[in-house]
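Which chain is which? They are A, B, C and D, in the order written, and residues in each are numbered from 1.
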Amino acid sequence: MAQNGKLKLGLYWAASCGGCEIAIVELREKILDLDAAADILFWPCAMDFKYKDVEAMPDGHMDVVLFNGAIRTSENEEMAHLLRKKSKVLVAFGSCAHEGCIPGLANLFDRKSIFERVYLTSQSVENPNKYLPQTSYQMPEGEIDIPYFYNTVKTLGQVEDVDYFVPGCPPQAPQIWAVVEAILGGNLPPKGSVVGASPDKTVCDECKHNREEKHVKKFYRPHEIIPDSNRCLFDQGIICAGPATRAGCGALCTSVDMPCRGCYGPAPNVLDQGAALLSAVASVVDADTEEDAARIVAEVVDPIGTFYRFGLPASLLHRTKLE
Amino acid sequence: MKKISIDPITRLEGHGRIDIFLDEEGDVANAYLVVPELRGFEKFAEGRPVEELPRITPRICGVCPEAHHMASAKATTRSITSRYPRRAKSCESCSTLPFTSLTTPSTFTSSERPTLSWGRMPRLPSVISWAWSTRWV
Amino acid sequence: MPTLIIDGQEVHAEEGQTILEVARENGIEIPTLCYHPLLEPYGACRLCTVEVIRRGRSRLETSCTHPAWDGLEVKTRSPAVIEARKTILELMLSRCPNVPVIQDMARDYGVTEPPFLAVDPDEKCILCGLCVRTCHELVKADVLHFSEVGVERRVGPAFLEKTRQCIGCGACTIMCPTGAIEIVMEKDAIYQEKPLGPTSAIWVPSMQAVPRVPVIDTDACIRFRQDDRTDGEIADACGACQMLCEADAINFDQEDEVIELDIGAIVVATGFEMWDPAQLSQYSYGQSPNIITGMEFERLSNAGGTTGGEILTAEGKIPEKVAIIHCVGSRDHNAHPYCSRICCMYSLKQAHLVRDKTGAEVYEFYMDMRSFGKAYEEFYERVQEENVTFVRGRGAAVEMLADGKLRVTGEDADLGRKVHADVDMVVLSTAIEAPHDADRVASLFGLGRSEDGFFAEAHPKMRPVETNTEGVFLAGTAQGPKDVPDTVGHAGAAASMALALLDKGEVVISPQTAVVDEKLCSACKTCLSLCPYTAISYIEEDNVARVNEALCKGCGTCVAACPAGAITARHFTDRQILAQIEGLFRVPAVEAETETAMAEAEGVSS
Amino acid sequence: MNGADFEPRIVGFLCNWCTYSAADTAGVSRMEQPANVDIIRVMCTGRVDPVFVLKAFAEGADGVIVSGCHPPGDCHYNSGNYKTFRRMPLVEALLQQYGIEEERFHWGWISGAEAPKWAQLVRDFTEQVRELGPLNWKRELESKED
């Protein structure tokens, strides 16, 4: 704590979209309470601090750093190491830092194919000389460098020692405030815990739809069905990640009849969210012959995209096979 | 040649750095905006079910997810069908409203900035249809 | 109580009785044709005419209609009565000269020739109306009426037209004293469903049935079918069985009822079904009435059967040659690959019966003779000595020849060539198979089924009576084909195991059960439909799923499916299995050390 | 490390009642089979959580076998194998999307009486995986990460 008794707080975004920052702004008037309780020492999105300022800090200077965004480039990883050094508590904040999130779907591909698509074949790009990013380039005035783009998206936990994880894409404001209060009050759970979410339950616990015994004869894609708002979406054959996803969001998606996409990550006792969801989905297929079963599960067109939508980098296999 | 790096550029959405090269006189010889970030949505959207895109593309930018969401929702709708309900169309046209409501406060409170012309505000019928649709949808 | 004198004998009557009833109760014979105790008397045939003397006045009256008043004197065989009956019989014989019962009666009264020439010598109806009353009072179908008048008077349905009111119950034919009514079989008559001829709608299931209680076939009984036969116009049709039953045992209101019992053990003895040989067309089953199954042969040769136990062809002749084909549907990859185990022995028995009862030549087409039981081989030898022709080889096909004979073709494996036999009757020893609804029984009791469709025992050698569901035992052919001694032994074992379980009062279950961590369960209900033992249920008040460990067998299906990781399989936990996987790919510390040490040692030496 | 030098590591998840006892019989009957398959016994293939398969590959297995009782009626628990044939096609599709060749994952049925079939499967599958070469997920991932 600083001499004024205020918490020294840092926030950083690695490979992120800025949604987590907006989520903090979503605290609304409570952000004033946050300001009253904490000095913000680093927050590129909102305040003018440079990396040099952070490097200049003594080790462990910041009490808490909320780190959002995945580890996509060497710069992200360097910042992770730097902020670990400069902070007492490093929090993986939001789905990207926690488990890779949507940008983690890039682990279905490798650097080469991404570069080709983005810089060469994209319809909105004009690149006749076929330039691809290079880590350093000699301009007439001098050398310019950019970070190295990894083949694989990693989570913060995979490159650095993380104290706490706050799941969600983005984390919901009340949950963020609960975390802030826990930090201020000093009653944090053991290191490595997931905070800012239910400690034990899954989204079904918060979902208002009526669930029954499941017998799924067909999997529906959203445009193939108008769901019954009273019945569990999964029961209706719409793949919903709710049963395999930690509670905490308040079942936002299902409350408007959209199936849960699983952004709050696996349930506490689950090693691999996608495998758990896959097993549940396949188990309730109402097929008594191998042919029927194969036909029905073939309706799941994109298994990784369906079951690992937010958690591919954090899954057991991390990514697709590299050639 | 001297190089000044503004690293990172702050108070905006996105990652960036400005490398400024000064000549002997200390004048700016050249400046480069360096964007050290890439996530590759163009690539990993490939192979996903089309209806998933409205929930993938908003993660391009968490500040303006609406724009990405609506763009892909419209594209998805049109890729599946050319005929869709009026109400869906109404929902589409009301989509710029949150964006406007996000920026209008600045528009009307900041005296230094030029006000937006009415031409860029949502047309009145869309507002009515939005109000209508929120009451019933 | 009225007292009257009949033929000089003082008799007592009940109030409301007729003279005929009183007379018959007291053993005094009065001839009748149109009388039946179940029906209102009608006095049509007038054969029961007696002389009634009341207050000194003598009159001839029909005893079936005359009340047994107090103080009457009745003479049943006075000369006037005899004369009257003689006249009646003369007229009756003139109308129906060829009806045996009338001829017999007339002869008793000295009438041998009809005094008048008959209009129609084949006429049998005496217009007594017994059938009309039966149809009206008893069956309540009101199909039969008198029509026309005078000499044209006759009995028949309204306007003498066929009516759907008549279901051919046959009550009128039974009642008709002169045999004037016949049941004519029509193609779509309900009797066609019962290939060995008509039965009544109430019968004892089999001669050996235990308990020997008749059942009513509600699909055939007039009483139960009255609504669809008479458009609901008639209430309480027939009921003849109820009227006749002295023990008052027939209750039409009896219905199937569900009785809930708390029990500690279940013995599943659901038996078998006969495989339908029509499924393999080469046996031509169903195309000739002389191609019958072993089960049908049993009915045929049964003393209580339609032929009284005589072995006859459908034409009613004693067959000269009979072929018995073994393994029809058994040991056949087009039907059931397994051996039905009972057919060899019953086929031998049937061969013996045919030889014994008809002396016909018998051909047995067999693949192997499986006479494995005690004294079975001896019986086989005995049948061999009875000159039955045994053809070793599958009876391959049965075809109908133009002369009505049946040709059985098969391979004689001993001779190594094709043989055939032209016979009068073919008996197919059909396979036994699991009942068609065995799957429902299996899911009801949580039983497994082996490949043959019969219920699976817990272990084929060591636990042939138990199942994988604790407290459920198998008896008899529910578990697989068995003959009678094996079934008795198996059933005895099942009963004693059930009793042993009940006596112990507690069950031992495997510790490998699933358990729900209720803190982690959010009641997504994914697991509920997965449990083959319905051991998982949703607990409303706690909003969680819970495993009934007495029912859980520990297969772990729910554990693998639980998306919240809330269910643990005891002794096969995720942690244990994942640790096993990790263990496979981790170099053990000791080994690694040894390797390093060896590498170092090598480095030093080189 | 291709060809003859390479000894594939294969993990087999076998149900206690059918394939495990077939494997047991195959061993007791001295049927010839390579020693490349490490068996993990589960009570029923219905217990095989897809995560086990993924974990095995993630830890370094070159191939995975899931085998249990023949459907429909062979399962000791009535319908545990039903869940297997509902899950495994999806696992197969998932693995293919991960880039793991379908030849590296086998799921099927071998009853307790089919010991020779088990020995044959072990022989064939080992050769099949040997031909594909090592998968070595963990090491490959680390070496090609950047």
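What we mean here is this: contacts are C-beta pairs under 8 Å (C-beta built on N, C-alpha and C of every residue); 3 or more make two chains touch, one makes a residue touch a chain.
Everything numeric here is computed off the predicted structure, so don't read it as measured data.
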Chain centroid nearest the full-protein CA centroid: D
Interface with more contacting C-beta pairs, comparing A-C to A-B: A-B
Rounded Å distance between chain A and chain C, as computed from the means of their C-alpha atoms: 69
CA centroid of chain B to CA centroid of chain D, Å: 49
Inter-chain centre distance, chain A versus chain B - centres from mean C-alpha coordinates, in Å: 20
Separation of mean Cα positions, chain C and chain B [Å, integer]: 80
Contacts with two or more other chains, residues of chain C listed in rising order: 530, 557, 560-561, 574, 578
Contacts with two or more other chains, residues of chain D listed in rising order: 49-51, 55, 72, 83, 87
Chain-chain contacts as defined at top: A-B, A-C, A-D, C-D
In the complex with chain D, residue positions of chain C that touch it: 442-443, 446-451, 453, 456, 468, 512, 530, 532-533, 553-557, 559-561, 569, 572, 574, 577-578, 580-582, 584-585
Residue ranges of chain C in contact with chain A within the complex: 517, 519-520, 522-526, 528-530, 557, 560-566, 574, 578
Chain A to chain D touching residues, read off their complex: 108, 148, 150-152, 271-272, 274-276, 278-279, 281-283, 285, 287-290, 293-294, 296-298, 300, 302-304, 307, 315-322
Footprint of chain A on chain D - complex, ascending: 49-51, 54-55, 57-58, 71-72, 82-83, 85-87, 89-91, 93-94, 97-100, 135, 137, 140-141, 144-146
Parts of chain B lying in touch with chain A, wherever the complex brings them together: 1, 3, 6-8, 10-15, 19, 21, 29-30, 32, 34-44, 46-49, 51-52, 55-56, 58-63, 65, 80-81
